[in-house]
Structures are given as structure tokens and as C-alpha cells.
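The letters A, B and C name the chains in turn, as written, and every chain counts its residues from 1.
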Amino acid sequence: MQTTNDAPSKFLNGNRITAFVLLLVSGNLLNFSLRYGLFLEDGAPGPGLFPALITGPLVGLCIAWLIIGDRGVPKLENESNEIDDLTAEIEAKLDEIQEIDSDGKKRIGWVFFWTIIMFATFERLGSIISLSIYATGLLFSISNIKSWKAIPSTLLMILLVTFGAIKIGVTLPDPFNLFRIFGGQ
Amino acid sequence: MWAVIGCGLGMITGVLPGFGPAAATGLLLPFAFVLPPAASIVMLACIYYGSMYGGTITSVLLNVPGEASSVATCIDGYAMTKRGMAGKALAISAVGSFIAGVIAVFGLIFSQKIAAFAISFTYLDVFGFSLLALTLVVGLTGDSMIKGLISACLGLFIGMVGLDIYTGGPRFTMGLDQLQEGLPFIAIIMGIFGLSEILESIGGKKQPDYSGNIGSTLLKWQDFKDSIGSILRGTGIGFFFGLLPGSPAAASSFAAYTVEKRVSKTPEKFGKGAIQGVAGPESANNALGISNFIPLLALGIPSSATMAILLAAFTINGLTPGPLLFTNNPEIAWGLIASLALANVILLVMALPLVRMWVSILKIPTMILYTITLSFMSIGAYVIDGSMFSVLVLWIAGIVGFTLRRFGVPMAPAALTIVLGPMLEKSFRTALQVNYGEFSSLFSSSRANIAYGLIVVVLATKMISSIRKSNKVRKMKSSEAISGSK
Amino acid sequence: MDNNRNGAVLMNRNKSVQIAAVAVTALVLSLTTTTSASAATAKVNGACKTVGQKSGSLTCTQSGTKKVWKTTVVPAAIKSWLKDCNNQLSVVIGYGAGGATDIWARLLAKYIETETGAKVNVTNTPGAGGSLGINKVMSSKRNACTMGNVNLPSALQYLRPTSSVTYSKESLNLIATTGFSANVIVVHADSKYNTAKDLVDDMKANAGRIKAGSDGPGSDDAIAYYDLAQKTGTTFTQVVTDGSAAKVAALLSKQIDFFGGSITGVKANIDNKQFKALCVFSDVKSKFLPTTPTCKEAGYDVISTNMWSLFTSQGTLESRRQAIENLLLKIAADKTYIADNDKLAIEVRPFTSDALSEEWTRQAVLYKSIISKI
């Protein structure tokens, strides 16, 4: 049997930065909680009591995380821990936090870009046009598949579901009345 | 026929992420109005039923919970998909839901007696059991207790945003009108689970491809044997939670999940695709969905938003749910019970053959599937309150969830505490009001005291097992050091 | 290499086929939804038997010797309204589903659908005494596609000094009132109280120990309780519950001693012999509780009623708003609508927007001194 530990890393790592940001946020929230008042005039719990009971320990936990940093919890490697039909490869796949390389960052960047476009157009141009732009943009940016068949069929699926949703009464923006033009109510 | 249409419509609407049973029932209510009262009630009940299963589909296949109560299913359901067992996950959900439904419908026959038991739960009792449910979070913290508890605290905090009903004053609303009604929970849950997972996969060097290993969609006898205990336990837990007024469905599914993990001989399998981790929560969900009817039928009290909509449907159809429903309109009361039993069978008959169809979604190239999912999630979030605000919340939650997950903070505790927090606070403050503000009254209820006792047991067990694990690690390290120095 | 390329082409073709298969499935599903929705609606048309009978956008009309379905004649302003809204209207209710306001709204929505042929989607945005729903409608587009409820006197909570609501009468585009219900004091059927005097006497004997279920500061029952306490010289504890269903549950489980709720909301419980009605907060007896005295008759002159009205956002075309008002008043005059409301213990008391505005001002003056203190 063996134990595993992560290799020592630099002091200012992602864990500590995240913990610090969370500490600032939770400290601020604790401050607000105290200002709302822990108790009312008649002694009943005030609006700030529960939030303080939550944000107080949260501040403590963030400090603990800040101290621990990215030191992992030692794991026990034990054969009996392997699931019956899982190979080590699959188990690793289930457990791994994937590394994000520069291509990955670009893909995520594209997702955010097209999402911002979607935000800007969803109510102005309507759900149908906006989602068509969104889906097409994403497919071109992040997908390896540029087949002329794949993109229309993906769009068709999204559009059909949008129509179906509107048909059963879900209210989605449609400023140009495209739904009616294409045979809706 | 209306039962079949209801189940079908419910399933279709339930598949849309963020569109839970309450929204589906409310939206499809006008369809029911055109029908005679009996048929309309039957159809609505089946819509409700079908939409619960629809939520399971997206949870298992895409890790996008259709509603809060599907979150527990995501944990092992999606893990089963990753292991190429998506079909089994959906199949055991359908079978577990069916068995739970049969048992729970049988319980409906004794509605009036059970309702009397349900109504005897005071705010104090609800507080005790909510606190007990909160301690379940220790079973979801994973390897790092600190990070797990951070996740739990964040979830609890999210429930505090909005107007305080006791004083009418805003809390953490930052002056925004949209925040006065609180943060949209389902958008947050979709974000921290589904969206964060998708962002991580899109950014990863290698995108997952489950198309090559769909696996069998048939359940083996061994799978059933492995799950039957979970199904029965989940049924009991869900049935009980469904009776508690204001109890969120997510609490019962998480409770079932945690109980399964505790009683399992191989708890390390949970989170990696344990079939019991799907069977238990899904059975609990279904049992809760049916036991929710008991306070409505027997006392005329809706115990959830969906039941409230059904109450409106009853009332507008000239029916008065309550103690006299079984006397004055027995055909409606028994008809509803019979239609729920029928819906149970119809759903199983519809769901099992469709498993293959649903699972074939995984054959879609991953990036295309993600594109479709992101689009549907945006629609689902928009539908919550008809504004882009919920979509914004979805994306902020997704980004925060993505960031925290990369540093090992689990999201399951947050998903549980988001729904538990408001119930915990409300029951606590109202219990104190009922008892004239006397804090000592918190120990005046025997049921609440039992819950407190169980909390101590749960926490003590966890602490003992943590200490044992630390001791083991220390012993291992020292033996490694010794063997290394030799 | 050719084999590899063919293999790749084959694989891409297979993937595209699979995508197409899923798309076809989606098409089938959406058609099924449409078909079943149409089937549900088509089922209703049936035989045109009575002149004036409605079904969807059709009205049964006499044509020569036969009765036939004809498209309902709809005013031009209504037509343009429906066109702008794509035949989909939205009504936002500032209270939870299943409560009295919700039931009133859903019934009204059903009649609006019948009159206009449009689909009316009723959603609930509970919280803050109805003001969250009001805020949502206020910020909606100025085309009256989204309407909301405004209840008097709950809507007067902006008069509270500590209130965070951002609206007032002037910021709402009032349409019309159709529903009315008085509030009634109810106790558990097993309760020792049989009259309002019994309750008040016990409040005097046990100051602060009698518990009343409340919807929170600024709600209509909070106003009524304050008024009652002042006029009887008593104090009692208010237990804030989350909505009318929670109040009913709290009383059934005897965690509270009484509450004041709308007759609409508690009639079923009274009929089911779960509750007893002590007195009605009105100046006249309710036709739905003919044997229950008014609180005024019992010696406690407290009035507490609910007026249910629709409004939309400011900036909507006045001609459109007027057309919708006329539509609501037409519905309110419909005997079937009145009969349906009677079954729900809702009185139909139509108010035009002008009358509603005057009533609003009257109630604001009447309740200002109370609301500013709670």
C-alpha cells in the first residue's frame, strides 16, 4: 500500500488566489449580515442572523483553505478500491481535472464571445435568429466538424425545439413574428 | 388516452433543462381546462409525472439537472454515462421510479390517515429534520472537508438573497429589483453542474467521446438485485419527505443518495457510477411526487408549487380537495389515484423503449452536443422568469462553478444547501415566533430532539472515520519512511 | 490511403445521418406536441347548439335556419393587441399558485382566452406582498402583452416608511377590477372560540399569547390585525407564514389560534368542517357565509377586503388599454363568468379604471395612518 501526495508547489498558486478572493467576498457579506441586525427589538432572530451564521464560518473556512493552499488530501491506493470492471484508465478519466492548454483557452474564449453575442441579440432579434447565430458561431469556432450537413441539421434541431416550446406556450422573444410566418399561431 | 398524452407532453417539457414539473404543469394547465374535470385532473397528474422523468434524462446524459431534485441523479448518473452505461442508468431510473410509484400509490389509499400524521409536524419538527438533512452534506464533501463545507456555505448563502418575509426588508439585493425575489435556484444549479462541466470539457485537451461505448440499454438481473434495496429505501425516504410541508424535493433525493452511500459495502464506488446512486434518488423522487398528493387530496393543502397549481385546477373545475373529496366526489379522488397508478405503468412502457433513442443522443459528436445543450440551457434559463437575468445567473454560476471545480471544490454540497437553506431559516424563525421567541423551545419537540440526536450520530460517525483514515495515512507514511530508509 | 479516406467519409456520413435522425425525432416530437395540443382544443368545438356559445376563437351564430361556428367579431384595437403579442398574453400574479388571487386570475385568463382566441400564460412571482409581481409587469414592454394583478389594499404598502417598493398608483397603468372578496376570521373547528367576542376576550385575558397567522408586514391581514388590536385594545402575536396554504396548514396543526383570510381562500375549509368562521371583515354579510356575522355586527368595526384588478405597464397606447378594459368589463357582465366565480366564492364587482383609481385614493387616505405604523 502506498500513499500519494502532490509535489510541493509555489506559495501563490491558484488555490490560494481563489481562497483569497472568496475570503474577501465572504468577509464583505459577513459585514452586511451584521448590519442587517442579528436580532429584532423583541429578541426574535433578525434578518442578519442566518446570513451571519453562514458567512462567519465561511470566512474561517476560506482562511483554512488559504493556509492549506493546494496541498492535496493524501489518498490511499488500495487495490480493493478499484471498482470491479473499471480499469485504472477509466478511473483516472473519471477523476482527472483536465489540463487546459492554449487551444482550450481559445475555445472557451470563443464560447464566451458567442454567448455575449447571444445576450445582445436574444431579445432584440428574437430567440430563433439569436440561437441560430449562436449555434452556428459555436460550431464554427469550437467544433472540428465543418460538414455542410452537420451545421444545418444542428440548427434544424434547435429551431424545431424552439418552435415546439413556443407552440406549447413558452414565451420566447420573437420581435419579427417569425413564428407566425413559419406557420405558428 | 389523456394519460398517455399527459405523460408524453410532460416528458418532452421535462427534458428542457430548467423546466421542472411545476413549470410544465402550470404551462400545460390551459390544455387541461378544455377537458372535462376528471380527464383534466388525470392529464395534469400525468404531465407532472412525465416531467419528472424528463428531468432525469438530461441529468444522466448531459449532467444538466432538469430540476433541483435531479441533481443527486447527476452525480452517479453522469458517471455511469462516462463509463458507457447511460442506457442502464436511464433504465434503472425508469424501473426504480415504477416500483416506487406502485408502493407510493398504494400509500395514497390511506391518504386521510397519513395526512393526519403529516399535519402533526410542527415548524419545530421541520427545523429539526432540515438540520438533519443539512448534515447529509458531510457525505458529499468528498476528499476535502474544508472545500466541501465551503461549497455548502456558498449554497446556503445563495438562499438568503432576496426579501426577508418577516421584516419585508431586502437582503443582499444590491439594489436590483430582480434580486428581490431571490436568485433563480434552478439556473444556478444548471450552471454549477451542467455548464461548468461543459466548459471544462470544451477547454480540455481531449474532449470526451462516449459514442463508442453506449453500452447495453437492458438491465441484467444482477443490476436489479443490486438496486432493489436502494429502490425500497429511496421509496420510504421520498414518501416521508413528500409529507413534510414545504419540503424541497432535492432534500429527499440527496437524503436517499447519502443513505445509500452510508449503507453500501463499497461506498468508494459512489461518484464513479454506482447504480445504487441512481436507483435510490430516482425512487425517492417518484415516491415524493406521489406522497405530495396526500396533503392536497386529504386536507386541501398544497405541499409544493406543483400541488398548488393542481389545487387551482381542482378549484376551477368546481372540485374541493379536502376531507370531503372522497365522500362528495369519490370518482375524482379514486380516479386520480387510479390515473397515477396508470401513469406509472404508461411511463415505464413509454420510457424503456425510448431509452435507446435518448441514449443515441450520445452518438452526436461532442462539440455539436455541447452546442445544442448550451442553446437549450439558455432557453430553459430564460423561461424561468422570462428575462435574460436568469440566463446571466446561469452563466455566472457556470463560470464560478468551473473555477471552483478546477481547484477541487465539489458542487454537490452547494446543490443540496441551496434548496435547504430557505427551508431551514423559515422553519427556525417561524418556530420561534410560534413559541413566543423562546430559544429553549427548540428542544421542546420529541421529534426534533430525535433529529438532533441523529445529527450527533452522523457527525460523530464521520469524525471517527476521518480520524481512522488519518491514522491509517500516518501509519502508512511511517512504514514508507522505514522501508525507504532500509 | 483511399480506404482510410473512404472510412473517414463513411464515418462523417454516419455521424450526419445520426444527427439527421435525432433532428427527425425532434420534429416528430414537436409535431406530436402540436397535434395533441390541437387535438385537445379541437375536441371542444363539438356541435354548435346554443347561439353565443363559444369555443376558441369561434362563436356559435345563427345563420339562416342553421347554427354554425363563426369567427368571433373582435374589435380592431384588440386585434392589433393580439397581433403585437403573437396571440400570446402573459398574466403575472404576485402571489403563490393555488391562492385566492391565483384562482381569480386563472379563471379570468380562461375567459380572456375564450373571448380573444389568444393563449394566456399565468405565472406566479410571489413575494413582498405582491410587489415583486408588480415590478415585473412594470418593467415589461409597453404593448400590454404582459399584465399583472394589483390587489387593494395590499398594494398600498408603498405608504410604509420602511418599504422598499418602487411603485405607486401613478406608475401603474390600471385596467379594471373584476374580483372582490372580504376577509374572515377563522379558527380551528375544535377551537374553544365560537364567536368573535370569545376570541377578543381571550386576547384581553392573555395579552400577547394568542397567535395569528400573517402574511407579513404590509399585507392586508397585517393592516386588519393592527386595526383590530387598536379597536379592541388587545395585543396578540403575529406568526408570519409563507402564503395562504401555510396559514391553513398552521391552523390545522393548531400552531396558530386564528387567521384572517379571504373567504375565497378558506371557504373550502369551512365547508369541509375544518374551520369555523367567527366574523367577516365587511360592512355587509357575505352571500357565501350567510350565517356568519360581520365583525361590525360583533362590535368590532374593522373592514378588510380584497379587490382584484389587472394593470399593465405605463406607456401602453391608451386606446389599447381602453379596449382591454372594455373586454374585462364585458367578461365581468357575463352570467357564466359570474356563476363560475360564485362557485369559487369570489364576488364579481367590476370597477372601471377611473373608479378603481378613485377607490385606490380613498383606501390610501383611509389606511395611511395604519400602514405607516406597521
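Convention: contacts are C-beta pairs under 8 Å (C-beta built on N, C-alpha and C of every residue); 3 or more make two chains touch, one makes a residue touch a chain.
On a predicted model such as this, the values are computed, not experimentally measured, just so you know.
Undergrad: If you average all the Cα positions, which chain's own average lands nearest?
TA: Ranked by how close its C-alpha centre lies to the overall one, first comes B.
Undergrad: Quick one: which chain's Cα centre is the longest way from subunit B's?
TA: Farthest chain from subunit B, going by C-alpha centroids: C.
Undergrad: How many angstrom between the C-alpha centroids of subunit C and subunit A?
TA: Using C-alpha averages as centres, the distance is 36 Å.
Undergrad: List the centre-to-centre spacing of subunit A and subunit B in whole Å, with centres computed as mean CA coordinates.
TA: 19
Undergrad: Give, as an integer number of Å, the spacing between the C-alpha centres of subunit C and subunit B.
TA: Comparing mean C-alpha positions, subunit C is 29 Å from subunit B.
Undergrad: At least two other chains touched by the same residue of subunit C: list those residues.
TA: 15, 19, 22, 29, 33, 37, 90, 119, 121
Undergrad: Name the residues of subunit B that each touch 2 or more other chains.
TA: In subunit B, 9, 12, 27, 30, 166-167, 169, 365, 368, 386, 429, 433 touch at least two other chains.
Undergrad: Please list all residues of subunit A that touch 2 or more other chains.
TA: 145, 150, 154, 157, 161, 164, 168-169, 171
Undergrad: Can you list the residues on subunit C that touch subunit B in the complex?
TA: Contact set of subunit C toward subunit B: 15, 18-19, 21-22, 25, 29, 32-33, 36-37, 39-41, 43-44, 90, 96-99, 102-103, 106-107, 109-110, 113, 119-129, 131-132, 135-136, 139, 157, 160, 162-164, 166, 208-209, 211, 216-218, 237-242, 245-246, 248-250, 252-253, 255-256, 268-269, 271-274, 340, 343-344.
Undergrad: Residue numbers of subunit A touching subunit B in their complex, please.
TA: 1-3, 14-15, 18, 22, 26, 29, 32, 36, 40, 42-48, 50-51, 54-55, 57-58, 61-62, 64-65, 68, 70, 72-76, 81, 83, 86, 90-91, 93-94, 97-101, 103-105, 107-108, 111, 115, 118-119, 122-123, 127, 131, 134-135, 138-139, 142-145, 150, 154, 157-158, 161-162, 164-165, 168-172
Undergrad: Where on subunit B does subunit A make contact in their complex?
TA: Those residues of subunit B that touch subunit A are 9, 12-13, 16, 27-28, 30, 79, 82-83, 143-144, 146-147, 149-150, 153-154, 156-157, 160, 164, 166-167, 169, 171-172, 199-206, 208, 266, 268-269, 272-273, 365, 367-368, 370-372, 374-376, 378-379, 382-383, 386, 388, 391-392, 395, 403-408, 421, 424-425, 428-429, 432-433, 437, 469, 472-473, 476-477, 480.
Undergrad: Sort out for me which residues of subunit B touch subunit C in the complex.
TA: 5, 8-9, 12, 22, 26-27, 29-31, 33-35, 119-123, 162-163, 165-170, 177, 180-182, 245-246, 295, 299-302, 305, 307-312, 315-316, 318, 320-324, 357, 360-361, 363-365, 368, 385-386, 426, 429-430, 433-434, 436
Undergrad: Quick check: in the complex, which residue numbers of subunit C touch subunit A?
TA: Residues 12, 15-16, 19-20, 22-23, 26-27, 29-30, 33-34, 37, 86-88, 90, 119, 121 of subunit C touch subunit A in their complex.
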